[in-house]
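Let me begin by presenting the structure, written as structure tokens, before commenting on it.
Note that the chains are named A, B, C and D in the order they appear, and that numbering of residues resets to 1 at the start of each chain.
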Amino acid sequence: MSEHASLRARVYWWLERPDREARGPRLLEIALILLITANVTAVILETVSTIYAVWQPAFDVFERISLTMFIIEYAARLWVVPENPQNRSRRAWVVTPSAIIDLLAILPALLVLLFPVDLRILRAFRIVRLLKLTRYSPALGMLLAVFEEEAGAFFAGFFILIVMLVLAASGAWLVEHQVQPDAFGSIPAAMWWAVATLTTVGYGDVTPVTIAGKIFGAIITVLGIGMAALPAGILASGLNDQLHRRRSSMQAEFRRALEDGFICDAEEVEIEDLRKSLGLSYRAALQIRSEVEAEVQARLHLCPSCGRSLSDQKETSA
Amino acid sequence: MSEHASLRARVYWWLERPDREARGPRLLEIALILLITANVTAVILETVSTIYAVWQPAFDVFERISLTMFIIEYAARLWVVPENPQNRSRRAWVVTPSAIIDLLAILPALLVLLFPVDLRILRAFRIVRLLKLTRYSPALGMLLAVFEEEAGAFFAGFFILIVMLVLAASGAWLVEHQVQPDAFGSIPAAMWWAVATLTTVGYGDVTPVTIAGKIFGAIITVLGIGMAALPAGILASGLNDQLHRRRSSMQAEFRRALEDGFICDAEEVEIEDLRKSLGLSYRAALQIRSEVEAEVQARLHLCPSCGRSLSDQKETSA
Amino acid sequence: MSEHASLRARVYWWLERPDREARGPRLLEIALILLITANVTAVILETVSTIYAVWQPAFDVFERISLTMFIIEYAARLWVVPENPQNRSRRAWVVTPSAIIDLLAILPALLVLLFPVDLRILRAFRIVRLLKLTRYSPALGMLLAVFEEEAGAFFAGFFILIVMLVLAASGAWLVEHQVQPDAFGSIPAAMWWAVATLTTVGYGDVTPVTIAGKIFGAIITVLGIGMAALPAGILASGLNDQLHRRRSSMQAEFRRALEDGFICDAEEVEIEDLRKSLGLSYRAALQIRSEVEAEVQARLHLCPSCGRSLSDQKETSA
Amino acid sequence: MSEHASLRARVYWWLERPDREARGPRLLEIALILLITANVTAVILETVSTIYAVWQPAFDVFERISLTMFIIEYAARLWVVPENPQNRSRRAWVVTPSAIIDLLAILPALLVLLFPVDLRILRAFRIVRLLKLTRYSPALGMLLAVFEEEAGAFFAGFFILIVMLVLAASGAWLVEHQVQPDAFGSIPAAMWWAVATLTTVGYGDVTPVTIAGKIFGAIITVLGIGMAALPAGILASGLNDQLHRRRSSMQAEFRRALEDGFICDAEEVEIEDLRKSLGLSYRAALQIRSEVEAEVQARLHLCPSCGRSLSDQKETSA
């Protein structure tokens, strides 16, 4: 970071950290994470009457301070947008997910300030500040990629779950509504039992009591558990697949680099960059490398066209 | 769609949408989906006495209208069958799953009309109209393919689950039937506890109370959870496999297209068609493509038979 | 089956069905499956007092008949052992899992006959006849192979589960034993809560009530669910792997058969045999085949050593 | 083990078993495993008042004996550290996980001896001796490797779970705190319900009762189950991947060994060593071997550069 850079460029560098190893931005990031965590903790503790009664002034001061900080942060991020080398407009930045979260984090508090009514509900809404932490978790990116990737299967899984829920609730209503008019008096009421059963939560506050109801409940439970676990299974297997494909990309990179038989320094740097961008661990990369090396050597030493070793062949052709 | 086409051909085009991008059929489809959703919602709300008491006339009118629509839809689909290029007979169409669902969606209401008794159970049966939505979810096809594919493992998983249920119920009956004659008085009665336990629903309305019962229950629970989760696991891993194989097909297609070193326009179209038919996302296809390209280049640049680069070799042979 | 075969050979053919498509043995098999199912159903229904009171004579007659059948079956299977081409001794056969199950299926009833006391417990033990059905489920073999394969990981998963259970029970006992001396009075007592919680069954008959107990319970639950699901996850991923490896075997077979560019009739038969022995579906085999064909063609048409198509090269060498 | 080895070398050999097949160390290991198991059982049974009242003297004697044993074991392991060929210092050994566990196993008992107050809590802490068993489970190493490998995805999964828990608790507090001030009076209180629901434990001691609460609860449950199952899914798919990569390493080793067409005795030994270190079953290794052999033969028999069989080519070149 040059000292002669404009103030805006400097703020950009501190806030958006293009240079991840720099010390200053790292400390600022940690400070912001601590502030968010403290804030969410405060929002949670405010709901405990005994604590709030005693510490109300402290909570109010802390809220005012952190609200100021979040407003400054939002303004600063909005101000430095043009410094981004990808040259997004401020308009485009405002509708990015993290910018929306940043806005939601200050909006309810601002409304409370403008219309000074003690809306406890609006205060509780400050809990969304928790989502500001998503900015700092790189692995979340992979999860979101999986969601996007498997959207089709995921939607199908949820669709099946909804169909199962409606059928389960309808069936339970049919067999139980006369005996338990409170819990199974209508399909929407029976839905509460269906959700608790098919997700295997099973509170037990509502259960079928008739023989027919128990038989129907048992059948729907046994059939349903496989269905209800589908979204989770799709997500997990998608993650597995994502990791697998990332490893394949790494493998392809090693193969390309090993074409000439060894990995030069420039190639090492490239490989390291790819490894980081794929979110692979150092150990995993090492294992992939040794596999590719073994594979390449096997190919080089034994000529696939004639079965002789490569060195012999070179002599012959010489 | 030519204007001179016969009426039947036009209706076929509107209903079965061979041309997926056309605007008219797309709107009709959305209208039908909305109608089905509204219908199912109505069936659900009718079971809430307070709502039904007030809105009964509206429900009846809506039911009559939508029943008419569904009958027209069924008749139209039956009528246009010969337009299908695969030339199925009407007889074959009637027994396809979606045709059966369409029939079930109108049958109970027709029966109520013919025999005008207010059979609430028959009314509730209209909930199967929900299944009409399955026609519009392409990803369901993949799930069904997985079911078919893994049928063997799936059946084995269910068989193990049944065996576990019977053994758990028998054991619980043995140790608990004297202390809790109501809940564990017979093996079928104990089955209710066994289902709730092995599926991890755990309502808690029935639990073992004796020391022996608790020890047996704990052991069967710990051993059983792995078993009960099997069908779900088989389904999820089958889905994973299915997705993996679809990616392999895509890879094979890219390899074939890249044989001559580049992908021509005709090949692009073919690849796009395959991508759609396999239900792969655009991003996934792109990643596969770059992997295959890297692989092909590695093969082209470094001759596997002699270790020299291809360009040198060409000079030699020239 | 030749008509001049010895009686023992004929009984062997009927019982062990070396020729799976023959009609007679198939019918006998179905009859045996129905007998076992009816028997287990009878054992279950006998425990329902109201049914047993009315139908006791019928149950007793049916039990006597089916016991005779099972004894004859056991004796016959023992008798025909020498007909098995693998030439196992009778001694070796007696200790095979399915022979032990067959023996357990008749032993308790025989004991009741010999010592004519009405031991209800011994009667209930006849439920093990259910396990006789395992003989007829080929897919179970794959599950058992997975168990054997992943035994190490499986054992590690169970070990972790046991450690978690003991630690959870100890912690819960520590924080709750003074407030709830009944449910958490000792570590073994607290184990009942620990099992219900970590397996996510959650009956709710016993829950922590103190603040410390709830905090500890919440932490152990969040940490524990990943652990408790491990055995199931290992099993499912092992199954996935097993299926994957079976597909690889199929692939290798196709590659071998396609070496000469086409699959002759003898090879078709071999492939079909392998497909059946691996338990793969016909559709899966077809997909693998088309992939291998594409791969082989790509290799044949484009010479990897010089980038020219194979046909040109042949002309050159001619 | 030479008879002239120093005492320290002999103790090292007995305790750390570099030679896994030797009988003596094997027996010592089993004795230690039994001692640990007996000890943990004793700690568990001590908490049962009726047992402790009768057997207190026996428990005390056993505790003193086993404590002495564990102290001797710890001292001996510390003493023999320099015999380790990897030449770790004693200082480095003391902070290894298993050394810390060994220390924790004797520390509380030592404290009780030094300050002779009957601290029941400190006695219960002896349960950590259970962790001494981790030393003897080789498969745990693989699980730990998976944890390390997937740390990023795992952390992301837990982060999502925490976010879901806070949002679920906040929402439930908002809609239920007026009706159920005890169970949902504050966000921390509502957290107990959120944990029980999102982990699908579902005790049922606390459930929403208002319509809004049930609707919110149902939505959060359906959305949440996929999230809560993520850590488990990541772990299981990571394990699958780990096993898969270990199989790939095995495959690479077979390919290297088969370069010259056959596996010599020295190579067999190397392969066996690798198989053991990877924790693969003998059967799995065999299957991999046959696949690699088929692949190598296919490559040798059919020359990929010209499509002719290798034997012909050799004649030509001769």
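Note that in this section a contact is a pair of C-beta atoms (placed from the backbone, for glycine too) under 8 Å apart; a residue touches a chain by one contact, two chains touch by 3 or more.
The chain list, named the UniProt way, goes like this: A, B, C, D = Voltage-gated potassium channel.
None of these values were measured; they are calculated from a predicted model.
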Message: Can you check whether chain C and chain D touch via the same residue numbers (shared by over half) or via different ones?
response: different
Message: Taking each chain's centre as the mean of its CA atoms, which one is most distant from chain D?
response: B
Query: Comparing B-D against A-B, which pair counts more contacting C-beta pairs?
result: A-B
Task: Find the geometric centre of each of chain B and chain D from their Cα atoms only, then give the gap between the two centres in Å, rounded to an integer.
output: 37
Query: How many angstrom between the C-alpha centroids of chain B and chain A?
result: 26
- prompt: Which chain C residues touch at least two other chains?
  reply: 196, 200-204, 229, 232-233, 236-237, 240, 304-306
Partner chain D, residues of chain C touching it in the complex: 148-153, 155-157, 159-160, 163, 166-167, 170, 173-174, 177, 185-189, 196-197, 200-204, 207, 214, 217-218, 221-222, 225-226, 229-230, 232-234, 236-238, 240-241, 245, 248-249, 252-253, 255-256, 259, 299-300, 303-306, 310, 313-314, 317
Query: How about chain A: which of its residues touch chain C in the complex?
result: 200-204, 305
- prompt: Along chain C, where are the residues that touch chain B in the complex?
  reply: 40, 43-45, 47-49, 121, 124, 127, 130-131, 133-134, 137-140, 142-143, 161, 165, 191-192, 195-196, 199-205, 228-229, 231-233, 235-237, 239-240, 243-244, 279, 281, 283-284, 287, 290-291, 294-295, 297-298, 301-302, 304-307
